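Have a look at these structures, which come just after this line.
Two complexes come next, and they have one chain in common, subunit A, joined by subunit B in the first and subunit C in the second.
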Partner chain A sequence: MLSRVSSASNLGLETIPVEVEVNLAERGLPAFEIVGLPSKAVDESKERVKTAIVNSGIEFPTRRITVNLAPADVPKEGSFYDLPIAVGILSLTRQCRLPKSSLFFGELSLEGTVRHTKGALLLALCAKERGIKNIFVPEPSANEAAIIEGVNVYPVESLNQLLAYLSGEIELLPAEYREANQAQAPVEAEFDIAEILGQEQAKRAMEISAGGGHNLFMIGSPGAGKTMLARALPGILPLLAERESLEVTKVYSASGRIPPQGSMIKIRPFRAPHHTISPVGLIGGGTNPQPGEVSLAHRGVLFLDEFNEFPRSVLEALRQPMEDGHLTISRSRKRASFPSRFMLIASANPCPCGYLYHPGKPCLCSQREIEKYRKRVSGPILDRIDLHVEVPVVDVKEFSHEQEVKKSAELSSQIRMRVVKAREMQRERFIKEGIHTNAEMKNKQIKKYCSLSKEVRQVLLQAMRTFKLSARSYFKMIKVTRTIADLEGSQGITVAHMAEALQYRPKTQNEG
Partner chain B sequence: MRKSENLRTARRGEEIAARHLQTKGYRLIEQNYRTRYAEIDLITRYKGILVFVEVRTKRNEQFGSPEETINRNKINKLIKNAQGYMLKKGYNKKYRIDAVCVLLDKNGEAGRISHYENITL
Partner chain C sequence: MIVEIDSPEYPELLKKIEHPPQRLYYKGSWDNAIFEKCLAVVGSRKMSNYGKQITNKLVSEIAQAGITIVSGFMYGVDATAHKAALEAGGKTIAVMPCGIEMIHPERQENLYKEILENKGLIISELEGAHPPALWTYPRRNRIMAGLSIATLVIEAGLKSGSLITAALARKYKRRLFAVPGPLTSSLSQGTLELIKEGADVVISAQDVLQCYGLKAPEELSGAAASSSAPFSILSKLEQNILEKLRQEPLEIDALSRMAKVSASEMGTTLSLMELKGLLTKEEGRYYVK
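Now for the complex of A and B:
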């Protein structure tokens, strides 16, 4: 007796269909074997399936059971084969017909209930692409899968419930997508940007950075407020647009970071890994490739505090994902691609003691020490960062009239309104280009959308010569200028916009 | 439980198994065939195939089912014994190894008899 159950296996963000064949042999001693390169987690599913069936009050067949996971030469990972295997066995002993064009997916508990399983969204996407009508997923993962329209997502609570449905005893309604309540709520950052004293230039740089998805490098003495500024950033970021949201949710679904009953991710991710992170932790990797911090920060913020303290190998690994917006992790057996379009916010001290540009405190570092410290971050990395800003020490005078300053300072919500407007302009501009922000523009798109008048071009060329900017910086300056204009709601680019952008140019070491 | 009681259980199970197989049309050739090293519970013939039968008997399933007591090691031993027997008798045609699991009730009667064909599959 043979039964076939369809399922699918996720590798990175891709999904391949897997056929689960279950055979109950007439001969031979009772046994339970899984073939088709199962990993440990898949092989252990034997015990979960057996116990779950018994604990559901169903007799487990004392027959020789052979399970084949086809294609047999692809290694199988994960715990979601439990449900298709159990369904295959029970369809043979209970003689129930399996619905056509359906995928089964889910991890069983020993009790016979079905657990939240990672990757349900990717399964639904795969079903849609291949024209499969129904998918059976764990009830806690059903909402996540129901994001995809055009596929019937059946929420499975337990083996008994599924069996009752398959034998026609009860009705099962496809899950309807519900948005979680907190998804619509405004973003709560740790601080409101108005709480930060002074730092007008840095705040403006944050606004530009948020407005066009630009990378930002902050340099300043300890305690000046670099970390606070970065932590306040989520408060001025707009929510994710529909398309962006799906991209982010896919990455989080693949890595099992969506909670039970979870819905689309609307809030931009903010990732702040510690500087002891390994290259694989940042970029992603593993025998079974997993997304790293750069992919988890997709469409959001990757905040690297104490930028100079990160190992050089880690920082250099950032280059390609920053440039391309996606990366492919290749290992001997498997490869996977992940998106990595993030805003890099980096902060660092100017020298090891931290007081190089401090007006009051003397710097204790030797020239050699300072040079060594600076060299930890390579030029190519700094060249890829659009905005460079200094965060000076807060003047003591600001503290004395703290209350007045706070009142006059702009609130995060006010800044966000400008940012949202600028992003809206960009969305309309790039609707046919497949990109979302100014920072993503390629040279061709820059030429198309950022026409510079003669005077503006003159200013830029003059700056190029004086500050010895690279060709890459030339285009980066134009992108930043475009964002500054967008924040003002202006279609054209003026000299004033360009002049402001030039303030945030990369500063060479001699310049300070 | 003393040793002799285990043996009695086993002999009782073998009798039940032999009778069960005979009603199925198996012809009994040997019962408790002993070599210097081991014992083959039942040797039968069915449709021209020589069938060696290992009988497992239990009084209750408190300590596991009779099926669970047949492991890979035991199966390898059964194959060796069967081959030894065939070598001695000069038999070189088809053969098969079966298992019969018998669960006895309180009165020493058969509660459940399960016959597994070709366990070396």
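Now for the complex of A and C:
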């Protein structure tokens, strides 16, 4: 006796259909075998399926059971074959008919209920692409799968419930997508940028960075407020647009980071890995390729505190994803592509002890140590950062009249309004270019969209000479100027815009 | 090339110290005129911005008056002094803590070349590519002090090499000048101590030049007047900024708070002022040029 149940296998962000063939042999000793390159998690499925069936009050067949996962030469990962295998067995013993054009997907618990399983969104996408009408997913994951329209998502609570439906005893309605409420927006509430005292220029740099998706490098002594500034950034970023949101949700679904009943991710991700992170942790990898921090920060912020403390190999690995906006992880058996279009916010101390330029504390580092420390970040990485800003230590005494300062400081929501408008201008500008922000412009696009008047060009050329800027900086300055103009809602670029952009030029590393 | 102690070329002043070097190795064109009026300029490797400003100002005026600037080729005050002398078109001698074939610190290769290209001298009592060591520095210092009629200490912490040079200068009965600095700065403790012990206080280049019977170049004393000339065409904000910065160097955040304008507007103004050559920015603070 043979039954066939359709399921799928996730590989990075791609999903391929997998057929689960279950055979109950007429002869032979009772046994339970899974073939088709199962991983450990798939192989252990045997115990979960057996126990779940028995605990659901159904007799488990004492026959020789063979399960084949086809195509048999693709390695299978994950725990979600539990449901298709159980359904295959039960369809044989209970003689219920399986619905046509359906995928089954989900992990079983020992008591016979179905658990939240990662990758439901990807399964729904796969079903839609291949014209499959119905998918049966765990109830907690149903909302995530229901994001995709045009596929009937059946929420499965337990084996018994599913069996009852399959044998026509009860009705089961497809899940309808529900937008999660605002409680899922914790980043916004962390704190308001207005709570940070002083740091007027650094805040402005944040605004420009958010306005054009520019990478930002902050240098300042410990306690100057670099981390606080970075953490306030999500509050001034616009929400994800529809298409961006789907891209981000896919990555999070693939790595199992969507909570039960979770919905589309609307808030830009903010990732802040510690500097002890491994290259694989940052970039992604593993025999079964998983997205790294750069992909989890897709369309959001990757904040690398103590930038110079990251191992060089880790920092150098950032170059390609920063440049291309996506990356491919290749392993001997599998390869997977993940998007990685993020804003890099890096922060560093000016020297190893941190107190160089500090008004109150002496720096204990020698010139050599300082040079060595700064050289840890390579030129090519710094070249990919558009904005450079110094974050001085704030003298709290200066702000004893705190109330007054707070009143005058702009709120995150006020800044965000300008950012949203600027991004809107950029969306219209680049509608045919396939990019979203000014930071993504290539030189050709810079020439096309950032025409400089004679006066502005002269200021820039003069600055190139005075500040000894590199040719690459020339283009970076124009990109930043474009964003400053956008923040003001101005189509043209003026001398004032250019002059402000020059504030954020890269600082010469070794003068003297 | 080598000059032996009994050679007529050997600098007279250096012969007068205890244990003068038996021979001097040198690079560049040896001309006895260069040794006639020497001033040793020494100071901390970790120079503050103030130190940098003062070194540039004093040395360029002194070198323009025809004094040879002798220093130790270390980074910080030494390198700044050599550079300022060369920029002012003056003469300079670098006394190396290592053999003359070695460039130490390595990254100052450009300065090394510039000194040689501009009729300066690189000298040392050590042979070939002898590496620098702890003991070579004080011995190098005695040559610096020995060559010079006077020694000028720009910035020095307590227990610094510059104080050794100062002590040697005193021992050889040469004039000793020290630049006063803020009491709060660790880099001023050494110089302030020297002043307390009787070193001459330097307020302007004239204080040093007097000792050589010279006067500060004319056009420089007129500089103050000329810098205030374009003042009239500056905007009110720009004038306001200059006024504030004359009192003390400030960060952009402090400036924008004082002037009550946004960081954006202040940034624009400061960039343009920098391009006009009115200000410089160092280590996050703005200075009047």
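The definition used in the following text is that the second predicted complex is superposed on the first by the 491 of 512 C-alpha atoms of A that agree within 3 Å, B and C clash if a C-alpha of one lies under 4 Å from a C-alpha of the other, contacts with A are read in each partner's own complex, and residues count from 1 in each chain.
One rule holds for everything that comes next: a residue touches a chain if its C-beta (ideal position, glycine included) is under 8 Å from a C-beta of that chain, and two chains touch if they have at least 3 such contacts.
Since the model is a prediction, treat every value here as computed from it, not as a measurement.
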Partner chain(s) touched by A:Thr62 [first = subunit B, second = subunit C, both, neither]: first
First (subunit B), second (subunit C), both or neither touched by A:Gly262: neither
Touched partner set for A:Leu29, first subunit B, second subunit C, both or neither: first
Which superposed partner A:Gln462 touches (first subunit B, second subunit C, both, neither): second
Which of subunit B and subunit C A:Lys203 touches, first, second, both or neither: second
Touch count on subunit A, higher of subunit B and subunit C: C
Touching partner for A:Gly285 - first (subunit B), second (subunit C), both, neither: neither
Contact residues of subunit A, present in both the subunit B and the subunit C interface: none
Subunit C - residues contacting subunit A, complex: 45-46, 52, 75-76, 79-80, 107, 186, 251-253, 256-257, 262-264, 266-272, 274-275, 277, 282-284
Subunit A-touching residues of subunit B, taken from the complex the two chains share: 67, 70, 75, 99, 114, 116-119, 121
Subunit C-touching residues of subunit A, taken from the complex the two chains share: 198-204, 356-357, 362-363, 366-367, 371, 390, 392, 394, 459, 462-463, 466-467, 484, 495-497, 499-500, 502-503, 510-512
Interfacial residue positions of subunit A with respect to subunit B in the complex: 25-30, 62, 64
